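Read from first to last, the chains carry the letters A, B, C and D; within each, the first residue is number 1.
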Amino acid sequence: MLQIAGRKFSSRLIVGTGKFSSNSVMKEAINASGSEIVTVALRRVDLDNTQEDIIEAIDFSRIQILPNTSGAQNASEAIKIANIGRNMGLGNWVKLEVTPDPWYLLPDPIDTLKATEKLAKDGFAVLVYMNADPVLAKRLEDAGAEAVMPLASPIGSARGMKTKEMIRIIIENSNLPVVVDAGLGSPSDAGYAMEMGADAVLVNTAIATSDNPVKMAKAFKLAVEAGRTGYEAGIIASKEHAYASSPEKGII
Amino acid sequence: MLQIAGRKFSSRLIVGTGKFSSNSVMKEAINASGSEIVTVALRRVDLDNTQEDIIEAIDFSRIQILPNTSGAQNASEAIKIANIGRNMGLGNWVKLEVTPDPWYLLPDPIDTLKATEKLAKDGFAVLVYMNADPVLAKRLEDAGAEAVMPLASPIGSARGMKTKEMIRIIIENSNLPVVVDAGLGSPSDAGYAMEMGADAVLVNTAIATSDNPVKMAKAFKLAVEAGRTGYEAGIIASKEHAYASSPEKGII
Amino acid sequence: MRYKNFLSLLEQYRWEKVSAKIANVKPDTLDKLLKKENFSVGDLPILLSQTASARLPELEKKASRITTQYFGKARFLYAPLYITNRCINRCVYCGFNKNNKIERKRLSSKEISKDADYLYNQGFRHILIVSGEDPIVMKSDYLIDTIALLHKKFPSISIEVQPLTENLYRKAVAAGCDGLSLYQETYNKKVYKIVHIGGPKRDFRWRIEGPERAAKAGIKKINFGVLLGLADFRTDIFFAALHAAFIRKRFWKTQIGFSFPRIRPFVGSYQPTVEVKDRDLLQIILALRLVFPQAFLVLSTRERAGFRDKLLQIAATNTSAGSKTNPGGYSDDSTTGQFDISDNRTPAEVVRAIRAAGLYPVWKDWDIGLAG
Amino acid sequence: MRYKNFLSLLEQYRWEKVSAKIANVKPDTLDKLLKKENFSVGDLPILLSQTASARLPELEKKASRITTQYFGKARFLYAPLYITNRCINRCVYCGFNKNNKIERKRLSSKEISKDADYLYNQGFRHILIVSGEDPIVMKSDYLIDTIALLHKKFPSISIEVQPLTENLYRKAVAAGCDGLSLYQETYNKKVYKIVHIGGPKRDFRWRIEGPERAAKAGIKKINFGVLLGLADFRTDIFFAALHAAFIRKRFWKTQIGFSFPRIRPFVGSYQPTVEVKDRDLLQIILALRLVFPQAFLVLSTRERAGFRDKLLQIAATNTSAGSKTNPGGYSDDSTTGQFDISDNRTPAEVVRAIRAAGLYPVWKDWDIGLAG
């Protein structure tokens, strides 16, 4: 079972909420995905306008909400937003996103580490969106992160596992759960990430902007299960694949 | 022409020196490569033992020496080594390498930025080895680097342009020369990097450990020229290729 | 090549040569281009050409895919809040022209709060503060105080006022301003001088350098645009895009966007010298979307309801709704607006239309923690 | 699963089960494994098996390719410097055994400098300080002062002494020590107790936890190993590798390496209980290279010249040359060494052999700026 910050989850698929056509479609898609962790941009949350609010569409009894700091361009903004979320009563989990470049929404390693240190110290369970940078993954681990979330390719690009070489190393070296985030365009992309030994994946655009988000959510659910099951069974080696070999992870 | 830190070079191939079988082979290979910039690990330099020293094998009149800080695990070590090199009389260029993980020799974004700031302030021309991280590239630019050197894949892995998605973005966004470094296993890897619009490439292992390093150096020279020429001519688009389109660089 | 500012880059270009380049695009040049996956400003003359206008369905398909990719189904709502129609400029195309005999009004903080409350209750969380070139903006803290006042309730505050000094932009940021709309109106210097007869706005340079000052001061989002109808729009849009691309390349943390004001009837007599048809505006929006996949493309209520709905579905991302273009207009409709509104639907009606199109109307896309 | 230290991980394993696993590897299990590109510690029982020993040419090809990939043609030279042969341990296999009647000597700083000068002039820049378990190491700054003294001339200083406290390791780092060699001798607890008859070394735990203390203290390179000949070497090497992998996973900045001491004739009577042939040692080195592509694999002059040259060509990366294993031995050959040297070539001769093999002998691979 997936374990993050002391909580256990049977689903290894985390879904995003930012790009759906409506709350009802989103709700149905989340159900179909089987996901137990759902991320929500704090900058979209408006408790003053409940009829339109994403939060209202999420079943808190079943789902761990993972507020994210998307939009933050530096550590201090991210820390501020995270605290606003906690003060709203959204709990102490936070998906840290620090993206100074509004163009590709790629994360800033320096301010990401800085914010992780501070938020972890302040009692947050910090799940960290990051570039596929193995050294940064280790430093985030040292800084008290609860999970690292390396990107597969830029957000929304749907280009799949373009950083697999680095993600392989992150998975090999990490003592934390590794959640592959951003850029997974198709169920097979997610399946591939799971076969490589990722602990979970996060999918947003590919589900939300599909012609049939509910069906696509189901497809990702199946692909993630297939990928994980294959990983556990032991995938036959292939030159083309950057799989780590027999999971050393299980040993140490 | 390639321009770095105010100096102009007609060759866009930088070569490394660490892995050759002898100084004489190295010397011949450098000549065959046509390279005008050669990087040397400061930790290998020993002016007390000239008969064995790499430095002795390099023709300073034709070649810009680029001492590197390989082996440094943090900013302060890198800064110390760089200064030792300058005090030896090796000039003020430095290829900054900060690699805390001795395993994959991947660079640390945080200490790399810190060392860049300090060394640039102290008058070094800093060429920075880095992960293919577009945000870090911009921050290094802001910190006063003279060139960014994103890795294609881990050092010595010979896996080629595994980070091309990110390198494309770095090239698109950078106001500095972009030198693709590490992991270029074959001449066509180097050619591909040049076609994408890289300003130069650095090659070490693939030349030094070839069965015929001199011939391989020649092959890289040709591939780099081919790649650059093709880039300037304008490569026809292909879905498989992550080329940036018409070089916006030339415009702005 | 590094240019020290946008003006020195602009000086490398001759308007006529760019126009000629756009006019002479060959069909096979366009064919080749459309095979590419990424586009850059260098491609814009081709995408904006009359040659390309025969291929709008193709452009539309690509643009629509890109928009969905980066923005999903979300579309963002904002409302303009006019705080003063006093103006010392004489711009031939503008209802606030100093010579126009209209009732002038500058809102007090109490009056601003009244309009603001109205907008908040409608659901708006993003306000665009608009004003004529009222000297009070430069001479006192009127604007800064207004930003601070509104920022108490509204997470996102943008401004569309005369170009400010870097220092004033800095103060605006500190007070909670995250966005700037500053349109050059036209990048054709000759036309610029002709239409800006008097007042500080005649200074082409002070205006064109505004975005650089704002970006330096830390304004996070900058909206570019030209007033469509003043000069050859294809050429003008190319330069606006070049301007935006320059800012993006120099100030990598700055988000850019575009607005597309077409000259609308107003109190006065100016008639557009260049006709910009709906299909032209569509082409502009499609071309900019291809070159700037992640840019905000912003619609105002200058455009008709049906056309706006269509543009939102394809490529536009932000829209105002239920706008009033006169100061205090939300609480009191006695003064005259800057221009006529074409889309008179209420915000609720606009939101319904957005939903009906399978899109998600987003009122709040900014957090108080992201500013100030 | 997270184990709080290596010992608790080790306790998950039964020696006999690992031995049985290694003994029962089927050829097709090996076939499948050899198709892979990356190997991990979990693969080591297969690679170390007798089944695999029939496939050494294949392993050799892979190992050789990997070594060239990561180390190129460079091979690194070091020299041991014995500073004391006083010892309070009674280890049956060791020439320094407290009960052995040999002349005991502890070098003064002057004597150390004399040996050091000799080694510096030979070309060495990397020194391995070796000592018996002389209580002075724990009780005074003798070791730390020696490190500091040598570090003035030699950029790289490693130590091979009894396990130290974390604090002492920290002091060693501050004085300029970057490397530690600390071999568990055997991971078989029963055998361990049998061969370590008396002295502090009987404490299995204190020794096995040494690498963790050293890594915490910031020692940059840690060398693991077992004394080949004490217990089933296939099983023992598996545990040494597990130990190294554990350290690497917990202390990600720590470089790891392996040494391969085979029991050599010495003053005393102990005979190895397990024979480790040249082809066995070759297999060990190949297997470790496949699993740890970037690890230093270190040879001593215990092995014969020709065999050493071959191992360096395939997979070993570091070698001593012209070693003396008695304190002061480089300047004065009157005392007895810890073990007999098999390769009696001078450093210059070793270097010539390295060159002749198409390899590049590297004396200096560390900078004073990297330590202390």
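Convention: a residue touches a chain if its C-beta (ideal position, glycine included) is under 8 Å from a C-beta of that chain, and two chains touch if they have at least 3 such contacts.
On a predicted model such as this, the values are computed, not experimentally measured, just so you know.
> Compared with subunit B, which chain's mean CA position is the farthest off?
Result for max centroid distance from subunit B is chain C.
> Mind checking the centre-to-centre distance between subunit A and subunit C? Centres are C-alpha means, answer in whole Å.
So the centre of subunit A lies 34 Å away from the centre of subunit C.
> Centre to centre, by mean C-alpha position, how many angstrom separate subunit A and subunit D?
43
> At least two partner chains per residue is the criterion; list those residues in subunit A.
If we look for residues of subunit A contacting two or more partner chains, we find 100-101, 103-104, 138, 157, 173.
> Identify all positions of subunit D at which a residue touches two or more other chains, and write them in rising order.
Touching at least two other chains: 252.
> What pattern do the touching chains form: line, ring, star, complete or other?
The chain contacts form none of line, ring, star or complete graph.
> For this structure, give each pair of chains that are touching.
A-B, A-C, A-D, B-C, B-D
> Tell me, which parts of subunit A touch subunit D in their complex?
So the residues of subunit A touching subunit D come out as 138, 173, 175, 236-237, 239, 243-248, 250-252.
> Across the complex, what residues on subunit B touch subunit A?
Going by the criterion above, the answer is residues 99-101, 103-104, 106-110, 113, 131, 133-136, 138-139, 153-154, 157, 159, 162-166, 169, 173.
> Would you mind writing out the residues of subunit D in touch with subunit B in their complex?
Residues 68-74, 123, 125, 155, 220-221, 248, 252-255, 294, 355, 358-370 of subunit D touch subunit B in their complex.
> Would you tell me which residues of subunit C are touching subunit B in their complex?
1-3, 9, 32, 35-43, 242, 245-246, 249-250, 252
> Provide the residue numbers of subunit A that touch subunit C in the complex, in ascending order.
Within the complex, subunit A touches subunit C at residues 18-22, 42-46, 49, 52, 71-73, 77, 80-81, 83-84, 100-105, 156-158, 204-205, 208-209.
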